[in-house]
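Per-chain residue numbering starts at 1, and chain names A, B and C are given in the order in which the chains are listed.
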Amino acid sequence: MSDISSKFAVGVNPFAKKRSGIADKLIMVVLISCASVAILATIGIVMSLIFETIRFFEQVPITDFLFGTHWSPQTAITAEVVGSSGAFGAVPLITGTLLISFIAMLIATPLGLASAVYLAEFASSRTRSIAKPLLEMLAGIPSVVYGFFAALTIAPFIRNTGATAGFEISSESALAAGIAMGIMVVPLVSSLSDDVINSVPQSLRDASLGMGATHAETVRKVVLPAAVPGIAGSLLLATSSAIGETMIVVMAAGLAANLTLNPFEAVTTVTVQIVTLLTGDQEFDSAKTLSAFALGLFLFVITLILNVIALKIVNHFREQYD
Amino acid sequence: MTNPFSTEAAGLQGRHTSERLFKLSGLAAIIFAIGFLAVMVGSIAWTGSGALRESVIQLTVDLGPDNVDPSDVDGASYRTIVRDALKASFPDVKSRKDRRKLYGLLSPDAALELKQYVRDNPDAVGQVVNVWLLASDDADIYLKGGVDTSLEESQRKFSDAEVSWVDSLTESGQTKRQFNKRFFTNGDSREPELAGILSSLVGSALTLVICFLISFPMGVGAAIYLEEFAKKNRWSEFVEVNINNLAAVPSIVFGLLGLAIFLNFFGLPRSSPLVGGMVLALMTLPTIIIASRASLRAVPPSIREAALGIGASRIQTTFHHVTPLALPGMLTGAIVGMARALGETAPLLMIGMVAFIADVPKGFLDSATALPVQIFLWADAPQRGFLEKTSAAIIVLLLFLVLMNLLAVVLRRKFERRF
Amino acid sequence: MLNNSVESEQKMSEFEKTLDENGPIIQAKGVEVYYGEKQALFGIDIDFQKHQVTSLIGPSGCGKSTFLRCINRMNDLVDIARVEGQVIIENQDIYSKDVDVVALRAHVGMVFQKPNPFPKSIYDNVAYGPRIHKTVTSKDEMDYVVEHSLKRAGLWDEVKDRLQEQGTGLSGGQQQRLCIARAIAIEPKVILMDEPCSALDPIATAVVEELIDELRERFTIIIVTHSMQQAARVSQKTAFFHLGNLVEHGDTDQIFTNPQDDRTENYITGRIG
């Protein structure tokens, strides 16, 4: 008590700004550095990828990498080329990645959208409370499990089906990996689309139902068209995660860098090659090792662009109906 | 009077049918996706359940003085004793090639097992005893019915001779299956019947400890700063954009970061849980920051105003009043993040946690592998015996994931507060 | 093309003839609505005459909107809502089992409180109803219906040069008239309006009110409003709701000048509200 009253003694400003202690300052410094880690991580990623990529392009011309159609980093092109430099044309890897992601989205888009529409528009709250967590579980299962299932069950199934139908399908096919990946991203598509569909205002549904449209007509002709931008955003996010997915393709897609769009053939992807290049014995300065970082940079840039676009679209959509 | 509003009068049958079809297609999509999940997990669990049982073969071994010197029990050649016992059981087998096949019915570890048996039962020395010894993976697969004997002999790995030997052992009651403790107590092995998940499980645990120790305090710190102190300006916006983008970076890119910076630049030990945990921590950070911010936001402003109103400083308010209330939500987010980190494989491949690790890692700097990486390695292994091990390891991994997510749900329920 | 337009014109006039006979088009008998345990409407009995505008007035929460939504069964969309009693339209109880709400709502259109044009072009907004009900098949006929509906909604001159622009880009009053055009494009018998001017400025309100009066020639209109001035301006009949009861209904003039019930008088004079 006496302590407080003394503060109000004549000549002392009782409201004087307390000097913030060293402890307080220290706490703020710690908190700010915690927040900066996210930036440091991004800088770290960009730096490590760019530096190694530059060193790679010192050994292999960038045009060969971006436009070359032959990928075989392990073997020398000709006997005259000294060292271990091989062919570093990334085109087959990029087409392989796109082919598998395309198959995945071909599976995930209808499944995810139809699930989202059903959950958001038709399901009872009981069904919703059961089906939603079950669908989310698909996203919670590690990709190594999907890879194992794709290689062990889906691929032989496709091959046997093909054999009975009379044509030959390789045991590692783009299709098997694409199917597994498609199922894995279904919850991503469905939960994002579910949100988007729910944010379409009820007044639009009322207007349509009020003039005698059936619920399905309302969904098809009013709700979904209104939700298109948001749905497009969710599909882009799903595509980005399919492109960056590694384990499924490592285990089920194969290593052969075929330049093909045939889903029944084995293709390889950017991520598969990164893993292959960096998991053997490696000399750190060889073009072979460095090329993995160039591929990594490519992957980083592509997924970043997709994500930025997707987030922009989704945010714009949200603001529209807020 | 006819009803002008009936379905028939208005000719609406077609529209209602298409409505039903539309609804049905949505339901079908959900059922398909969940059915896929059920088939996948179910078939893996079915295959994996086999790994819980191991086959053993009973042999009559001679531990007489010719074979085991009672004064030097450890010095005896148990390999020879086991082989002699097999030879004695099948005296017809003469050729070297066939004998080698015969020896192959037992695991290479059988000799060690016998040695252990003798150590545990010193009384058995000098006697002829019946002991159960571990069968090899090929014999194990045959005993579990995994060999299709209707196939041409050349089409299968298990020859007719081996089939007849095992059959005759089974007839005389010399084979049985028992609980496979080894799967949970052994590290990795080149022999499927000896391989276990302990080393990778410990590796995963060590990695997650590092991951948690780094990502949780940092994530919470970043969340507190952004939510409670940061002014809305370019800088805080930039941090936010960074966090969102980091959340979407493919996991393998984090592996490249770990390889280039942690291993090559800082020279931290390759294959170690320390580096693995650091890489996974960066990956988990956005999840924890986002969850922590949400749970800070859920603390009503009235709590802050109450504390500030009685003269607490901003820092005191945050740390004494707001953060404790938000902590359960933050922990829930952290557990969900850890569960995701536990299933992560690709970045660990980049930093060399993909080595063959037979021994249980003892510290954060030892070479180690993680459970999902072990699954990847076994899935790649040529021996068929690894098939059920891989599946069983997946089931163990999924069980851990389910447990962690349940823990998160329970935590959320228990501390859920309605302000 | 010309033929089609002429045909449609003929169709319209035939339709008009069928509406010409006088008499009640809608009869509500003992309508009660429950939201779960809570009763929101108590035994409502009221007839609505053809080609008249009826206002439903009363303090907020009195059940006027709830009652309006009973007439085209929009309450079906609320899971916990339960409706008892009868609503008879054209000698048919619309709550009987063999009534298809889709068919019903094609005859009983609705305009909502907040303008809610679809995020489509102005043309597609108006064409929406005819398309889903397949009442119009050819492009020319559709052009005619769209033009005609927009004209009747008094919007044609303002939008005829930008039919392909988004309906959401119009001003609030224009949006509401677009919604009215959308509702009349399928030629309903009855149009329900749920506080159609509450989101509009006074000038836009005046335009819509004028429109309502014109529409009376072809449609029966029931309008919920919280503005007594509006009720007095646009309607021939007025019904006053209070706490879920229909207190009084009759000619608008009579309700406003000579109310029979104290509660009505109190409301009109501003003592409750």
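Everything below uses one rule, namely that a contact is a pair of C-beta atoms (placed from the backbone, for glycine too) under 8 Å apart; a residue touches a chain by one contact, two chains touch by 3 or more.
Computed from a prediction, not measured in an experiment: that's the story for all the values here.
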Most centrally placed chain - per-chain CA mean versus overall CA mean: A
Far-end chain from chain B, centres as C-alpha averages: C
So what's the Cα centroid distance for chain A and chain B, whole Å? 23
CA centre of chain A versus CA centre of chain C: separation in Å? 49
When the centre of a chain is set as the mean of its C-alpha atoms, what distance in Å lies between chain B and chain C? 63
For chain C, give me the residues that contact two or more of the other chains. 102-104, 106-107
Where chain A touches two or more other chains at once, the residues are 214, 217
Mark out which residues of chain B touch at least two other chains, giving numbers and ranges. 15-16
Can you name the residues of chain C that touch chain A in the complex? 72, 74, 77, 101-107, 109-110, 112, 114, 116-120, 128-129, 132-133, 179, 182-183, 186, 188
Under the definition above, what is the set of chain B residues touching chain A in their complex? 15-16, 18-19, 22-23, 25-30, 32-34, 36-37, 40-41, 43-44, 217-222, 224-226, 229-230, 238-239, 242-246, 248-257, 259-261, 264-265, 282, 285-286, 289, 313, 315, 319, 339-340, 342-346, 349-350, 352, 354, 372, 375-376, 379-380, 387, 390-391, 394, 397-398, 401, 405
Would you pull the chain A residues touching chain C in the complex into a rising list? 201, 203-204, 206-214, 217, 221-222, 225-226
Under the definition above, what is the set of chain A residues touching chain B in their complex? 18, 20, 24, 27-28, 30-39, 41-42, 44-45, 48-49, 51-52, 110-115, 117-119, 121-122, 131, 134-135, 137-138, 140-149, 151-153, 183, 186-187, 190, 214-217, 219-220, 237, 240-241, 243-247, 250-251, 271, 274-275, 278-279, 284, 292-293, 296, 299-300, 303-304, 307-308, 311
Over in the complex, which chain B residues touch chain C? Could you list them? 1, 3-7, 9-10, 12, 15-16
